[in-house]
Amino acid sequence: MTTPTSTAPAVDATSVTETQEAVGRSPGQLMWLRFRRDRTGVISAIIVIFFFLVAILAPVIAAVYGKNPYTLYGQDIPGLLNDYGYPVAPNGGISSEYWFGLEPSLGRDVFTQLVYGIRTSLGIAVVATIIMTVLGIVIGIVAGYAGGKTDYFVGRVIDLTLSFPQTLFIIAFMPVVDSILVASNEEPPVWLRAVSLTIMLTAFGWAGLARLLRGQVLSLRTREFVEAAKVTGASPARIVFKELLPNLWTPILIQSTLLLPAMVTAEAGLSFLGVGMGELVPDWGRMFLRATQVYRNDITYLIFPGVALLVFVVAFNLLGDSIRDAFDPKIKR
Amino acid sequence: MNIRRRSAFALLAAASMALVGACAPGNAGAPAGAPSAGASSAAPAAAPYKPAVITLGTAEDSKGPAIAPEGVVKGGTVTMIDRDDYAHLDPAQVYVNTDANMGLLLNRGLTGYKRIAKGEYKLVGDLATDAGTPSDGGKTWTFTLKDGVKWQDGAPITSADVKWTIERMFAPFVTFGPSYIQQWLTEEDYKKAYKGPYDGKELDNIETPDDKTIVFKFKTPHADANYAFAMAGYSIVPKAKDTKEKYDQGPVSSGPYIIKSHVVDKSYELVRNPNWDPNTDPIRGAYPDVWKLEFGQEALQITDRLVADSGPDQTAFTFYAAVPPERLQQVLDDPNLADRRMISPSPYGNYYYFNLDRVKDQKVRQAVNFAWPSKQIQQTLGGPNAAALPTTILNENTTVGYEPYDLFEKTTKPEGDIEKAKQLLAESGNPNPTIVYAYNQTPVQEQVTVVIKNALEKAGIKVVAKPLDRKTYYDSISQTKNEFDLYWGGWGADWPSGSTVMPIIFGPVSDGGQNMSHLNTPELSAKMKEISENPDIDAANKAWMALDKEVQEKYTPLVVAENRIATTLHGSKVGGAEIDPQQWVVSPNTIFVKK
Amino acid sequence: MYLEVNELTVDFHTEDGVVHAVDGLSFGIERGTTLGIVGESGSGKSVTNLAVLGLHNPETAKISGSIMFDGQQLLGAPRSTMEKLRGNKIAMIFQDPLTSLSPYHTVGAQIAEVYRKHRGVSKSVARDRAIEMLDRVGIPQPKIRVDDYPHQFSGGMRQRAMIAMALVCDPGLLIADEPTTALDVTVQAQILDLLRELQEQTGTAIILITHDLGVVAQTAHDVLVMYAGRAVERGTMPEVLREPRHPYTWGLLGSMPTLNRPVDLPLHPVRGTPPSLINVPSGCPFHPRCDYMKLLGPEVCKGERPELAPHRGHGDACYLSPSQKAELRARPAEETK
Amino acid sequence: MLRFLIRRTLAAAVILMIISAVTFLLFYAIPADPARLACGKVCPPETLAQARHNLGIDKPLMVQFVSWVVAIFVGRDYEGLGHCPAPCLGYSFVNRQPVFDTIIDRLPATLALTVGAAVIFLLFGVATGVIAALRQGKALDKIASVSSLIGASVQIYFVGTLLMYFFVYQLHVFAQPKYIPITEDPVGWFSGLLLPWIVLAIIFTANYTRMTRSTMVETLSEDYVRTARAKGMSGASVVLRFALRGTLTPIVTIFGVDLGTLIGGAIITETTFGLQGLGRLSLNAVNNSDLPLLMAVVLVAAAAIVVMNVVVDALYAVIDPRVRLS
């Protein structure tokens, strides 16, 4: 109790109570306990789960709602769009029939576009995040554990990757990746762009996590328990899996929670720049692209994807913060 | 040279083909000046826009100065905003309409179009005292240069410069410009026949008896050569100051302005050419003292700036950046913009070509035509104010003697007749054909594709949509062995004559050529040759129109595509702004800055 | 009394409840003397002294009672008054000189800053003073070292620099909060010697906060033993160390290895852990850890709170009578268990 | 320090060289022949060959790369096109001018955009972070943390477009975003960039507020800050001279990264607001298959990032005397 600010006694006090609580509880359980007490964290978790559920259940939702994201309602049914292609009804054509209104020109249903769009964005983001997390873990641990030349080399590769102007590079390269994946006169499948996007996002995304984990492993390597394991003749695999990895789950979990929304926004940003998903696949980024063209006449079409993305990213970031707090109560933010 | 920018490559291909192939465009045998003589005869069917009337002017018409628009004020600085900087400044490399429009400020040619009144133009002598004198049945053309025409450095423009201008267009580095004159002078692969004047060799059939007179001797009659000379590509280049390839970086001015500064892709500043005499120029008003050209903004942003009309943007306008569909409602509904709007339909023809080598059953082609969602595409493009729905191959706004017809009931059922299409497909024996639709992968075309796919699939046609890279789109679809069934293509006449359309889009089939439907029957070729050689221009026009319908009835090689309507804005202090109906850009000739 | 603290209470309001860090503490100190305050961590030693300097966050800390310094009431004094006193009349040195010195500024600058602030002298005068002070606390080559950063000093030198910084304005009162804890034993002795020496020269009153009775034995004139925010025993150094009266003090002494203790006699640390300051045990807060509760019975020890005798001189806060204590002191502690 | 700088600059040069090489190799895998684009449609084979030769793309890839690198230092002559003087990053066949000139022309817009925004978000972010740290748990702190959270999660094209809709077109509070050189019209320069600055600031401030707040809270509980207060230093001087100093290191780190990234490619921002900077230039280069220009933009963008890294490392030593550069 040597600090003048208010935090000190508070921490002191909680540490007193927690030492009592801590009896017989694993760090995981403790984390879960702390997390449950964090109201913001729980709410964000619910929102995030909601988004995932919507993505998974998109066809069910669409079936119950009775629309799909592909039919050109506005064109097939007269009276919904005016001559210029804008919804006739106010607020972007919101009605009991079309909850979030209609897409200008093509007249597709915005609600189902949004619901299916989550699938695209989350699908790409989740796959990219998983791949780059695995890559980051493997490379980070290998570099940190092997040390020496391997570490030096990996370190330089990471520096190099982080020095690339990423957005620019991805835009320039998307056509190349496309052309590598599919011969020029074949029908490009719908998933092609998704694969290209995932590859490009992953190519630049792994480095940050790898660098962080490398640092962690470097400091863990010299810690007593690892030294002890080495002295007792444990195999490198055992040291990595039994000694190192368990201590890395916290930063890995935190980092990947932060990576996922970053990937969702990166995907949307690339679509906005015109190198994202093509037509027919509902996609938030392309909705933005279209929305920024028509916003003067139909601001509603911008607001729905905008707010949806904002809510998702805020919830995910808050969740990341809460997880960090739950793991590491000392950092009070 | 009515070329829309995005189809530049395709049209270049056409140009090259036109001279290689058998059907050189032109109204062979027609009397001089006749091609447009009957322009006043036919009013187009749907006529909110009056088609331009273009006639042949006299020597008197060819005298300067230009006819001033109402309320003209001289002086001031005008700002022009557009998306793209000009690809070429060397006249020999200029083919695209925007480049040509810029050329009007800097370069002069032998002939040009003089604005008499709104929608009324005359072909007159520009540097020449009149629009040229044909002799020897149209094989020989003689032009006399006006007195007092000078280069920007004060040197007189001579017949040697004109000869040099044409000769240098044979040089290997000249690959973008028009090629009619070169072809007519040699009547073979002109690039092989003559390699340009840089190695000292001259072309014998361009004669310069004196400093003022220049005589062209073609191998065959070309009664409309004076129209060809009006193309910006034939604007003159000084023999003494020619820098070959580097001339593309900035021409020596013969026009009213000289380039003071140019930042590539961003801006130009043009100031007056002291050696340009308005009294020699019947075409260019050149009212502002200074032109500022600004590039790099999208049509959307340019429109927003012009709508806002604030501060310096009040004296701004745009040559080419039409109001994009997503702003059209706002712009057309705003009564305050009424006197700042210019509206003009495209002078070009646009088609969705069937690949006749692959879609062999005419019933299928007809079914597609019936099912075609014209109205939905129109809506996607911004509605009736953004696109018209023509039903004929020849453009109603630029075709003399236009006669409407409607084979596929587009006037009554613009949204498509799915039942009729199904019926035709049933008759064809293949009720569920697959159509590979190739499209240019731009955001707009992606949307249009969605609409087309949606409609055709309702009729039972399986649509495989194949996006093509926008840089290689025209290359891909103009391959004769392409793997696609349906694709969009455009074509525009190089001067106002119906004969510059049909013989080209149904001409010889070649890689990179313009016949993208691959429709090429001896019968049709013979018919087109016959019409081309008809000396009676009215009869020929009628015949072209009849052939138009016959082709669609007999072969159905294409779906007539929507025809864009450009709405363009100008600032409140810009006067004299008008869309040139042939070039489909705002002409610089009449622009002035209001006080 | 130069400094007189009366019925000082410091409470912190936290999310988990009110932390009673100091509860009704009274003590005083004369000029030229040294008061040692001993107790375990969390007993309120540091909180008390930070209260004297007014360094608690007024938002969270509720302070009542009275702190008279040189005839001036410090509690509730305006911030400007406190700022003028701090570093000037009352100075403080801290436990860990490495973290307590700013890593971003040179040692000289940190010392000169105080002098300039309170004396309003020019930079060069302040710098000369800083060199002089470094010399006084025994830093070799002070003219050169004045421009060094703290990380370039050794541990002992840093603490000397801290002392130089504290004494640069000749304060009347120096609060030394565990000044030697972070140092190794030889350096510890040097620093204590230095403090004593300087006190002899300047007549500064020193409050020495420590958990180390050895340090107290070396330097203090008077001793105050604190437990759970309260004073449990008070007296002169020889009184408290030779005749400790409170069972807690006994425990503290029993846990201190001394040279005259038989080697085979085991050390007796106080068993258990310090109590939560949110739920302070009723009655004598020490009773859950006290070996002698069974002598009196829980009802006594958990009953009314024992007060430190108000009179001056040696006193303690325990229910045991002096005779009981004398008897208990005579036998070895383990027999009572 | 000098040795450190030389060493780091050399290392940076190596990184740039590798990035260039990778970019070069990959870009020339793009199926678009620069010579064809330069030549036009009516392009006889001999002219095409000549164009290839003039552009120097008839040689093996490695030779091309070496001459590209050499040209940066000594310039290069392009036959039939002209001379490209010393910092020659290539010659654009689309623009018909050395790409260096194009880049120099666009740089001011990007610099004005990023540096202007950076000044705002740095000052504003650090200020709100400090205030939030000092007012921990108070309403102001909560407002700051909520708004910074939202700010950090918002997208430029969303909030930028939304603000344009309301403040430019509905309420006419801001001028239409536009870049006018400051030398031409200082007022126009300012008003044209104000909205983009604000939008960038909204998004980036968050990071600085959060970072400043958390490190400030940590620093305020540092012993040396308590020492400063115990010395009688006034509240303001404690915060500015001691506490803020301790928060500088992480702030400088993220500031360096942000500035480097932004200079190298504020592509989305420039697209949203239609500003003619490097970002738009690179997008145009992609759309025109202008490989020499694209190469150069990538190099400049990478250089911005790498140089900022060196600057940040050097600044560490200035900020924190404990850091030794070697």
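Each chain gets a letter, A, B, C and D, in the order it is written, and its residues are counted from 1.
Note that in this section a contact is a pair of C-beta atoms (placed from the backbone, for glycine too) under 8 Å apart; a residue touches a chain by one contact, two chains touch by 3 or more.
Protein names from UniProt, one per chain: A, D = Peptide/nickel transport system permease protein; B = Peptide/nickel transport system substrate-binding protein; C = Peptide/nickel transport system ATP-binding protein.
Model, not experiment: these values are computed from the prediction.
Student: Given the contact rule stated at the top, which pair of chains has the most C-beta pairs in contact?
Tutor: Max contact pairs: A-D.
Student: Closest chain to the protein CA centroid?
Tutor: Measuring from the global C-alpha mean, the nearest chain centre belongs to D.
Student: Relative to chain D, which chain has the most distant C-alpha mean position?
Tutor: Following the centroid criterion, the farthest chain would be C.
Student: Taking each chain's centre as its mean C-alpha position, how far apart are chain A and chain C in Å?
Tutor: Chain A and chain C have C-alpha centres separated by 52 Å.
Student: Mind checking the centre-to-centre distance between chain A and chain D? Centres are C-alpha means, answer in whole Å.
Tutor: 24
Student: I'd like the Å distance between the centres of chain C and chain D, where a centre is the mean of that chain's Cα atoms.
Tutor: 54
Student: Take the average of all CA coordinates in chain B, do the same for chain D, and state the distance between these two points in whole angstrom.
Tutor: The mean C-alpha positions of chain B and chain D differ by 42 Å.
Student: Indicate the residues of chain C shared as contacts by at least two other chains.
Tutor: As it turns out, chain C has residues touching two or more other chains at 55, 94.
Student: At least two partner chains per residue is the criterion; list those residues in chain D.
Tutor: 169, 223, 226, 229
Student: Could you list which residues of chain B touch at least two other chains?
Tutor: Those would be 300, 304.
Student: If you look only at chain C, which of its residues touch chain D in the complex?
Tutor: Against chain D, chain C makes touches at 53, 55, 79, 83-88, 91-92, 94, 96, 99-105, 113-114, 117-118, 149, 151, 162, 165.
Student: Okay, in this complex, where on chain D does chain C touch?
Tutor: The contact residues of chain D facing chain C are 222-224, 226-235, 241-242, 245-246, 319-322.
Student: Write out the stretch or stretches of chain A touching chain B in their complex.
Tutor: Against chain B, the touching part of chain A is residues 71-72, 75-76, 81-86, 104-106, 175, 185, 187-188, 274, 278-280, 289-290, 293-294, 296-297.
Student: Show which residues of chain A lie in contact with chain D when the two form their complex.
Tutor: Its residues touching chain D are 2-8, 159-160, 162-165, 167-169, 171-173, 175-176, 179, 184, 261, 265, 268-269, 272-273, 288, 291-292, 295-296, 299, 302-303, 305-306, 309-310, 313-314, 317-318, 331-333.
Student: Report the residues of chain D in contact with chain A in the complex, numbered from low to high.
Tutor: Going by the criterion above, the answer is residues 15-16, 18-19, 23, 26-27, 29-31, 136, 145, 149-150, 152-155, 157-159, 161-162, 164-165, 169, 210, 213-214, 217, 220-221, 223, 226, 229, 261, 264-265, 267-268, 271-272, 279, 282-283, 285-286, 294, 297-298, 301-302, 305-306, 309.
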